[in-house]
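You will see chain A twice below: alongside chain B first, and alongside chain C after that.
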Partner chain A sequence: MTASDLLNRLFMAVLTLMGVAVIVFCLLRIVPGDPIAMMISPSATPADIAALRAHYGLDLGLPQQFGIWFMDVLKGNFGTSISQRRDVMELIGERLPATLELAFAALVFGVLAGGVIATLGTLARRTTLDPALDFINGLFLAVPDFVWALALVLLLGVFWPVFPLSGRIDPTLSTYFHTDFYLIESLVTFKFAAFGDLIAHMVMPMLALGLPLAAIVVRTLKEALAEAMVQDYVLLARLKGMSPLRLVLQEALRNAVGPTLTLTGVQFTFMIGGTVIVERIFSYPGLGNMAIDAVINRDLPLIQGIVLTFGAIFILVNILVDLIAGWLNPRGAAHG
Partner chain B sequence: MKTIKPLLREPRVVIAGGFLLLLLLIAIFAPYIAPKDPLEQDLMLGNMPPVTSPGAEPGYYLGTDDLGRDVLSRVLYGSRIALTVAFVAASLSAVIGTLMGLAAGWYGGWADRIISRLVDIWMAFPPVLLSVLLVAVLGSGLHSVIAAIVIIDWTRFCRVVRAETMAQARLDYVMAAETIGFSRSHILWREILPNVAPVLIAVVSLEMGIAVIVEAILSFVGLSLSSDIPTWGGMIAQGRQMIHQGWWVFVFPLIALFATVLAFNQLGNGLRKALDPVMRR
Partner chain C sequence: MTQSLVAIEGLSAISTRDGGAPVLRDVSLTLEKGEVRGLVGESGAGKSTIAKALLGILPSTVKVTGGFIRFEGRDLLAMPRRELSDLMGREITLIPQDPQTALNPARRIEAQLTDGLRLKLGMGKAAAHERALQLLDEVQIRNPERVLAAYPHELSGGMRQRILIASAFALNPKLVVADEPTTALDVTVQKEILRLIRRMQEAHGTAVIFVTHDLGVVAKICDRVTLLYAGKVIEDGATAGMLTAPKHIYTSALIAAGPRYDRPNAGLEPVPEAVFRQLRAEIGIAERRV
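Then we have the complex of A and B:
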């Protein structure tokens, strides 16, 4: 990808994000239900209500509201949450780390588990294990994160209760932290009790998000490996007496990684979207869980902030994937 | 009939299709099949376990929920909402997405640029969050749930149909049709659409599975339908609350949801394999 390609992509990304902003803004202005009505006390006078309306800019015309809101967004100011009466950016800043840690843990799990299974499947080609593996993987591909999360609640939370059912960390341990990246902080400051507790809380939501990803990685990587395994250079290495495992890991994998990576990137954006419901099911205090509360409370500034944050992450991930794919396969990028 | 035969040779199509047909019959004849009224409460019979457990109440095969409502009857009735949403939402998204995809893929130019940009913007929304947001905007209820799914998922059809239309447009038969002097729109509707249809049918089946999940998610969050109407998602949410008192309220609707989603998914993949001319060869 050349510099002008990159600039073009960034320009398009900004355009897309602006589109998202316009749509969110328009959607939320047609929400039935008055956000002010939900925050006032019953004893408020009409003058109080009018003052609040003016405070939140709800008394202005729509184009004016959009203009003010959009200029503020450009400055990184998303306004004040109506339900929590705190700065939206601050709230997002507190919750986003939890979601990012969860999403990256699920990404690492999905890629590692998928990679190992695809490698084993490739080694087991032309045995009875191979079609069995494909069949099971086909089932895994059909199960969405929502159903995984619920099944895990049942299996690892109730029937065999090894992991805590909800939350991010035991409340007695959460007071020690200086940042919101609990997992990373506990690791670098050697707080292993807290680290273990964080991991125990994270296992189930991580599996729910990571298992569908793993299934996709298995399918894509296995297909790419099967293709690579019949290439001349792999056959040559085999003739030279290279062991099957080294053959797969050293020769075939290098050339099969490209297409898998692109698809993993796309799936990663879907997975970030999936955190919304998975966090909800496990009462995990991330951005997605807060998003559903914000919608239920009709908290317009908070919803706008969260949706734009998700949109920005999606677009950023897509650009990163394109960059890495172009870097891995310069020929493909030149054509595309 | 020529197209039916290869379909019946694909085991996934037969098994999954058979299951879904059975489910459809259950949904239609639920009032005759269900042993109890799904709404009838009997607080004296709350939280009864399924018949296989000790202490079960005869006649309540899958137990009762905390209000004493029959779980089996509620699961059977739940198929009505699930299938209604699946069929209506998937068909509507297919129609809208296909029209947009055909326009973008066949006419290109400005139509393509605008539609593709729109799809890009749509893809930047997390779908679950958008569906929750839309239902909050539209108000809860069956119509809103269906509308939310259509508004979000038309892009799936649009992307597939656009790509397929562009691929078809490069083939010889299209050029032949142009040489004969058929009009652009005639070629689109009479020549290209029938060739895009097989891919489309498979995507419709996959979309039905997605629609069932989205409805369950919205019911789970409590935004879909009032609790008077039994839905699998609503039952799962209810069962999640009281999971330590009784697992059955949670498990049986979850099994129904899982089986239905799996069936739509396998049917879609089976159809894609059976109908795709390239893979058949």
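Then we have the complex of A and C:
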């Protein structure tokens, strides 16, 4: 991707986000539910309600409401959460790092586990291990993240309680963090007790999100590797004395990784979506968990802010995937 | 009697996928040091199977049922895997058919050209680089530094085939198996590549097994020819003699079927069905194998 391509993509990204903003704003006004109804006490008079409505600008017409919100968003002001009475950006800023750490951990786990298994499967082709692997992987492909989450809660949380069931860090572990990137901060400041506890909390949600990704990576990568392994250049390299593992990693992998990369990008955006339910199941204090609370409370500014944040992540991930694909493929064209 | 470089004796093989149909029938041929031998035949004649057997890369669907392949007296088919893989790429190398698919699109030429030097000879990076430059010079590639830094897609088909030839001769092998190396190239490039293979072969004193279906190519490059049909050797001899005075009716029919540059408007004469009938009768097969 050239610099002008990148600029083009970023420009398109801004347009897309504007579209997302319009759609979210309109959808939220169409669906039933009144944020004011959620916050008033039963003794409130109609006058109180009207005053509250006016306070939040909900008495204005829709285009006017959108105009005010949109101009504020352009200035970087996402408004105030109705249910928590705090700045939306601040709330998102506190929760987003937890979700990003979880999602990236699941991404790394899924890609590494999938890559290793696909490589082993490629080395074991034409043995009985190969069809067995395909069969097991087929089963894994059929299990979605929230089912993994529930199964893991039962397995590793209840029957064989090795990992903490919920939360992000043990609250009795009195560690003060300067940032909200607990995992990264604890690692770079050598707070290993906190780091270990964070990891222990993260294992189950990470597996729930990462296992479906791993299964998809195994499937696509293994297929592409099988195709690459029968190419003449692999045969030539084999004749020149290259070891089977190097044949897979050095000769085949780079030519086979394209479809997997594209798919991983798509799956990663799905996975960010999956954090909503998985974070809920494990009471993990991330953005997804907050999104559910925001929906329950009809907290319009917060929902809008969260959706825009998710949208921005999706778009950035896609641009990043295209950049990596271009870098991996010397012919310059992105893989299909 | 001096030992032949390659001696194939009574080699027979069947295809396990094709209901045990024979792919090689009692094939015997010898190849002397520095000799260029053409293996000619239509698809399914067994020429590629012989080439693959020489390289130790027979597909799992082909089963050898008898015979030997001796390379400098050592039986390739009975050789331990380790010894065989040590031999391959060092003493026996391959020039592949299609230069489009024989170079890894994701690796630079230098890495691919020096694989053998580093893996088989344990050469260091700098020494391998020097040797690569020298090899590219040998195959008449100008500005070799630029080519070494290039990716395959930046080079033409003829250029890539030159690189593959350089790679095949890089370790001074005793035998190069050339698997239809000019089929994927256009005619003008073909001629240059044939000349190049011949020159490299002479300079390195290497024997070449040249697999092709094209008698015209054979006439240009081969010292001796083995003509195969349905896995059986039909005729074997010095190129000049065989092309001017063929002993077998199939050979003469094939020569007649080729284009005639002296009579460009004469049209092509297909090999008559009677010839195939006679071939099948000789070999003892009921149906024509395709």
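The working rule: the second predicted complex is superposed on the first by the 318 of 336 C-alpha atoms of A that agree within 3 Å, B and C clash if a C-alpha of one lies under 4 Å from a C-alpha of the other, contacts with A are read in each partner's own complex, and residues count from 1 in each chain.
Here, a contact is a pair of C-beta atoms (placed from the backbone, for glycine too) under 8 Å apart; a residue touches a chain by one contact, two chains touch by 3 or more.
A quick note: this is a predicted structure, and the numbers were derived from the prediction, not measured.
Novice: Consider chain A as the common anchor and indicate whether chain B and chain C clash or fit when overlaid.
Specialist: fit
Novice: Determine, under the contact definition given at the top, whether A:207 touches first (chain B), second (chain C), both, or neither.
Specialist: neither
Novice: Using the touch definition from the top, say if A:255 reaches chain B (first), chain C (second), both or neither.
Specialist: Touch partner of A:255: chain C, not chain B.
Novice: Would you mind checking which one, chain B or chain C, touches more residues on chain A?
Specialist: Chain A has more residues touched by B than by the other partner.
Novice: For A:235, is the partner it touches chain B (first), chain C (second), both, or none of the two (neither)?
Specialist: Second partner only, chain C.
Novice: Can A:150 be said to touch chain B (first), chain C (second), both, or neither?
Specialist: first
Novice: A:328 contacts which: chain B (first), chain C (second), both, neither?
Specialist: Only chain C is touched by A:328; chain B is not.
Novice: Should A:225 be classified as contacting the first partner (chain B), the second (chain C), both, or neither?
Specialist: The answer is neither, since A:225 touches no partner chain.
Novice: Once the two complexes are aligned on their shared chain, state how close chain B comes to chain C by Cα atoms, in whole Å.
Specialist: Result, nearest C-alpha distance in the overlay: 18 Å.
Novice: Identify the residues of chain A that lie in both the chain B contact region and the chain C contact region.
Specialist: In chain A, no position sits in both the chain B and chain C interfaces.
Novice: Under the definition above, what is the set of chain A residues touching chain C in their complex?
Specialist: Touch residues, chain A against chain C: 126, 231-242, 250-251, 254-255, 328-331.
Novice: Considering the complex alone, what residue numbers of chain B touch chain A?
Specialist: The contact residues of chain B facing chain A are 117-118, 120-121, 123-130, 132-134, 136-137, 139, 209-210, 213, 216-217, 220-223, 236, 240, 243-244, 247, 250-251, 254, 257-258, 261-262, 265-266, 269.
Novice: Which residues of chain A touch chain B in the complex?
Specialist: Chain A residues touching chain B: 12, 15-17, 19-20, 23, 27-28, 30-32, 138-139, 141-144, 146-147, 150-151, 153-154, 157-159, 269, 272-274, 276-277, 280-281, 288, 291-292, 295-296, 298, 303, 306-307, 310-311, 314-315.
Novice: For chain C, which residues count as touching chain A in their complex?
Specialist: Residues in contact with chain A: 55, 57, 60, 85-86, 88-90, 93-94, 96-98, 101-107, 112, 115-116, 119-120, 151, 153, 164, 167.
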